[in-house]
Amino acid sequence: MITLTHYLVLSGILFSIGIVGVLRRKNLLMLFFSTEILLNAVNIGFAAVSKYYGDLSGQIFSFFIIAIAASEVAVGLGLLVLWYKRSGTIDLDSLQMMKG
Amino acid sequence: MFEAIAFYMFSILVIGMFLIVVFSKNALYSMSALAGGMIFISGFFFLLDADFLGVVQIIVYTGAIMAVYAFGMMFFDTTRDVKENIRFKKIIYTLSTLSAIFVIFILLAPVYSGKIEALYPSIQGVGNIQMIGLILFTKYLVPFELAAIMLLAAMISGIVLVKIKMEETPTDIEVAKGEK
Amino acid sequence: MEKYLFVALFAPLVGSLFSLLFTAQKKNVITALVTSALLLLSFVSSLSLMYAVFNGMIIHVKMMDWISAGNLNVPFGFMVDNVSVVMMVTVTLVSSIVNIYSMGYMMHDKGYNRFFTYISAFVFSMLILVMSDNFVGLFIGWEGVGLCSYLLIGFWYEKDTATWAGNEAFIMNRVADLGMLLGLFLIYWQFGSFEYDVVFAQVGGINPAVVTTIGLLLFIGAMGKSAQFPFHTWLADAMEGPTPVSALIHAATMVTAGVYLIIRASALFSLVPEVGHIIAALGAFVAVFAASMALVNRDLKKIIAYSTLSQLGYMFVAAGLGAYWIALFHLMTHAFFKSLLFLGAGNIMHAMDDELDIKKMGGLFNAMPYTAILMAVASVALCGIYPFAGYFSKDLILAAAFNGGNYYIWIALFIGAGMTAFYSFRLIMMVFFGDKVYKKLGFHPHETYPFVLWTLLPLGVLSTIAGFFEHPFEEFTTKLLGKYDFGMSHATEVGLQFLTLAFVILVVLGTIYKYGRGGFSKQIETMPLYILLKNQYFIPKIYEVMIFKPYYVLSRFAWKQIDVRIIDFTVDLIAKILYLLGQRSRKMQSGNLSDMLRWMVVGIVVLLALAIFYRPGM
Amino acid sequence: MEHILSLIVFFPLIAGLFGLVINKENIKTFGITMALIEFIFSIILWIGFDSTNAGYQFVQYAALIPQFGVSYYLGVDGISLFLVILSTLMTLISLIGLNIKKDIKNLVITILFLEMTLVGVFLSLDMILFYIFWELSLIPMLYIIGAWGSGQRIYAAIKFFLYTFAGSALMLVGILYLGYQYYLATGTWSFSVPDWYLLVLPFKTQLWLFGAFFLAFAVKVPMFPFHTWLPYAHGQAPTIGSVLLAAVMLKMGTYAFIRFSLPLFPDASVYFLYPIAIIATIMVIYAAMVAYAQKDMKQVIAYSSISHMGIIILGIFAMNAEGLTGSIFLMLSHGIVSGALFMLVGVIYDRRHTKLMSEFGGLATVMPRYAAIFGVLMMAAVGLPLTIGFVGEFLSLLGFYRVSWVITMFAGSGIILGAVYMLTMFRKSFFGKVIKEENKNLKDLDKREFAALIPLVALVVILGVYPKPILTTIDLSVKKMINLMEKKALLPDTKEFLVKVNSIGGTK
């Protein structure tokens, strides 16, 4: 019998993988991929909770998250392309203009 | 039983895919693995009786988002391996492990307190998609509209950011770059 | 009669304010004339007040409220009674004479107008001190005379020693004033009032320990103003001031304020004979102590200053032993002959171009005979030789000491009387007789202006005859002060008188004989005792080393070490730590997204850890 | 008449705004005129003030944020009346004595703003309003020190600002917490001080709140060991800044002690009495010693301020009418005297551009009028009777004697040490021969300086001889406050103490 816990743990594992990616990757594109993983991990959690509590709000949230992911990609990739055009690289270490 | 087999299978697949995303050196592989992972995740949604969500997952993620990525990658040089200067490996892995342990610890902790009540309980006998529609266009109407506006704005900004001056063709720009 | 009271009190103030207008201008005789006239007016008013009081009137005026807060109400109240009127007459008389005298003495001084401003201000303060009907009023005058003393000691402000002496006088007085102030506070919280009438009416019903404390604290104040040991050093240094000032302030009037305080508060002091005993013992000690320093000093004015100290000691003995009227009597006679002595010294200084070393004088009798005679009269009076004024008052003090059974005090006073005789005639002999040393040094002494000499005449007369007013004086003052009962037999009394007189005359004759033949040899100056006395028992030195210098060092330490190095350093340290923290944490803002993400995850981990492990209220 | 308090508070602000359109040549005249009008207003206030009424008069009330009980609430009583007059007077005097050419327009306008905040602090009866004025007053002073100062002016200005600001931050927390306590007790929100007076707080709460307020006030006073900003601020500030800082701004701290600490937390005040009294005594002696060691005339006066403020604190914590009235009077007298002394130092600084005593000597010969005025004020500073300095010092120490004679004795040594540093300074700078060539041709005081100083000298003497009208007015309000404290006192010890210190007789 698969319980809510199973799903949540899975969601947790996926989230951690996402974190590893976020921390590890220096390539901006890869970083975007990792954030997608994070979002998806959360989505699973929401969907699972929604099911086990019999409340559809979780699904709705997932739905919104997907919407957000979509807009993020649109804007983020736009910026990325712009930056690549300007600097010729999408490596994170080249982006240090906010140095305090 | 079937559910268990499906769950574990999908779990292994998704984890595997995502690990490839995180650790692969080739951007193309990563992206492919991500797309795969997305599709497998929709499997969970179907398992969880969230049919609509599952469909949206496939359509939006795999269909739209990954397509955008793919287009985006055309701008970059993706055939070469990604060179990354990864420092502080120990810190990265300690932090990741710690957060993983904590997250899982929290999620493992008993949450079935029974006090939680469904705010919008799903009504038996009504299909999932109908239910979603009902809730989305009643309780969550305003957020929904806002999400629409947000998407529109994101679309426009994406276009504006990437747009090449209309009077110039991409080749012109390449030529101009080459001359420099 | 209130009219006279106000005239007596405010005439000097008017004079002071009048001449104040001229201070910035050139020398103007009008200031001296106006102030002298006003002081004389004050003197005449005082005399008529005395006549009124003699007829049994006591004039009590409340002008206006001064301070009122809480339960406290201090009015400007003035009271003329048997005691204060004596002081008023003495003060105004001596000050008038000194003021007129100064017209000659200060003739060529730059600060001519300023001088008369200060003198009149002093007289005003002194009159407030004397006439006030409450302790705070007395304190006003007390501080006021202190201020004038400060200004007048440092009158020649270009001289470093003078200004230093002024500061010393003011500050030492302040030390003692603190004691007095505390005494006043205690009085207030015991009686709820500062008025003499109220306080003395209730003093009997108060815990004797408290009365003792009050008495001691007031006496500390008196010690400062009257320059009793250990506050005595300022008086000798105060001789830096112009000589008329020394005569008026540091001999006749201000320094006796301490004695006046004890007499004024006699109702309080008579309740606590132990305090009286302490006062008497200290007085006796100072009488000998100061006289011994006068024995060897070569400075004309300092000798007289020490003599003043010594005589103040006598007064304190009388006051301490409860013989208040005797103390007052001696105060009065002393004022006459001591101011005369000082003014005579002023004449000499004038003649000798401000030279003070008596070794450089000698044989001045020919040059200035009138001064010599007047000073001799004063000296004889000081020594207490019949029939001069000092004889009567001093003799009474000795009798009182003997009568109280305090023989050691009597012996001390007896020795003191001998010393007085010695140093007085040593001075006379060395200045007016013997070799004319001054000729070798190129001085051309001459007698001063005749009008100055004439002004000294009343003092000379008073020094001679004042003693004969003993009985009227006693009758007059004991109406208020309480009689002093001599329990001894007439024979003892006469015997004592004879003994003292004989001793004093012997010493005087011996001194005249010795100095007539050239004085002591040089060898004496190498004796340890001589050196000890010459250096004033090293007390100024001790003060310098033990108090002034350490205080400065400590102050420097407080500033440089504690304030700058510790307190301010700590404050700056806090600021520096914050700044440093900022500097360090600035590195976090590397601008690298990866680093920021790492910090974000650190934050997540911390928050998660908090969520798991932090259980408030458990 | 009923709007006079608002007028007094905001007139300088409006005048300052008008000042923006006045041209540079006339701005000083304009500033003096405005300050004079403001001063006249404050005198009118005094004339209209009913000195037989101990309560708040000319009260102005308007709710600002009714939900949270924040209101625009002004009122004046015997305690604040004379501090307001002191503020307006010293502003006027300092403007008359102003001798700065650089950016004078900005300076005059800043001074007028500062005047508004100072008056506002003394007149506010609403805690939030009070806090606003309290903090606002820092800004003009920061600007004055930072822009017109000398030497390390930026350092001094920032130190002044941060130090006092950090102190008051805790007070804000205290105010909010006290407001919340009031809400808990009554169910309505109010930040008005008279309302708070009626609130009886538990002892523990009192202790904490007292501490929170204490820090803010102690830094402002400034009490040892929070005083180190003061010498820097005075050392670098221009004359006008020093005058206002010493004369009025320091009084904000002691005023706040009287207005808030004592009546709001009577038990805590009595509980903390001895520690505070000991700090005050240390302050008196320590500051006097440090003053003695100074080489700079201005620093001597700066440290002497600290020393005098110690006596004011003692008077306040005597908690009897004598001590409290005395301490308020001492605030006035110290305001006038220290202000005048700072102006005097400014006079010589204008001429020689140095304040070091070693540079002078013999000034009495060259500048006799200057020396005379300096002498009078010095005597007032050392508390000579019949000058203004004596009354307050005498009453403060007298009051505290009832609490503890030992502490009074030590604090009383301030009058000795005060004489030591003052007379030493006077001697070093004014007496002796004129040695330095530069000093030989110094001008004596000119008309402008006379116009600024003579009123102060006159006040020093007049109020020294006849302080009664001021004292009785203060006394009435003070007695009312002490009654309130007695009524509010929770602990029997506190009550007993208050009764004891306010009565005559008995053992010591």
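Each chain carries a letter (A, B, C and D) given by its place in the written order, and its residues are counted from 1.
Rule of thumb we're sticking to: contacts are C-beta pairs under 8 Å (C-beta built on N, C-alpha and C of every residue); 3 or more make two chains touch, one makes a residue touch a chain.
Note that the structure is a prediction, hence the values are computed from the model and not measured.
Among the remaining chains, those touching subunit B as well as subunit D are C.
Each of A-B and C-D has its own count of C-beta contacts, and the greater count is at A-B. Rounded to whole angstrom, the centroid-to-centroid distance between subunit A and subunit B, based on C-alpha atoms, equals 6 Å. In this assembly, the C-alpha centroid of subunit C lies 36 Å from the C-alpha centroid of subunit D.
Per-chain Cα centroids separate subunit A from subunit D by 62 Å. The mean-CA centres of subunit B and subunit C are about 99 angstrom from one another, to the nearest whole unit. Contact with two or more other chains is made by residues 19, 23, 26, 93 of subunit A. Chain contacts: subunit B has residues 92, 95-96, 99, 103 touching two or more partner chains. Pairwise chain contacts in this structure: A-B, A-C, B-C, C-D.
Subunit C contributes residues 598, 601-602, 604-605, 608-609, 611-612 to its touches with subunit B in the complex.
Per the touch definition, subunit C reaches subunit A in the complex via residues 586, 588-594, 597-598, 601. Note for the complex: subunit A touches subunit C at residues 19, 22-23, 26, 31, 92-93, 95-100. Residues 1-2, 4-21, 23-27, 29-30, 32-34, 36-37, 40, 43-44, 47-48, 50-51, 53-57, 59-60, 62-64, 66-75, 77-82, 84-85, 90-91, 93 of subunit A are the ones touching subunit B in the complex.
By the touch criterion given at the top, residues 23-24, 64-72, 136, 139-140, 143-144, 147, 150, 154, 157-158, 160, 163-164, 166-167, 170-171, 174-175, 177-178, 181-182, 184-186, 188-192, 207, 210, 213, 551-552, 554-556, 558-560, 562-563, 567-568, 570-571, 575 of subunit C touch subunit D in their complex.
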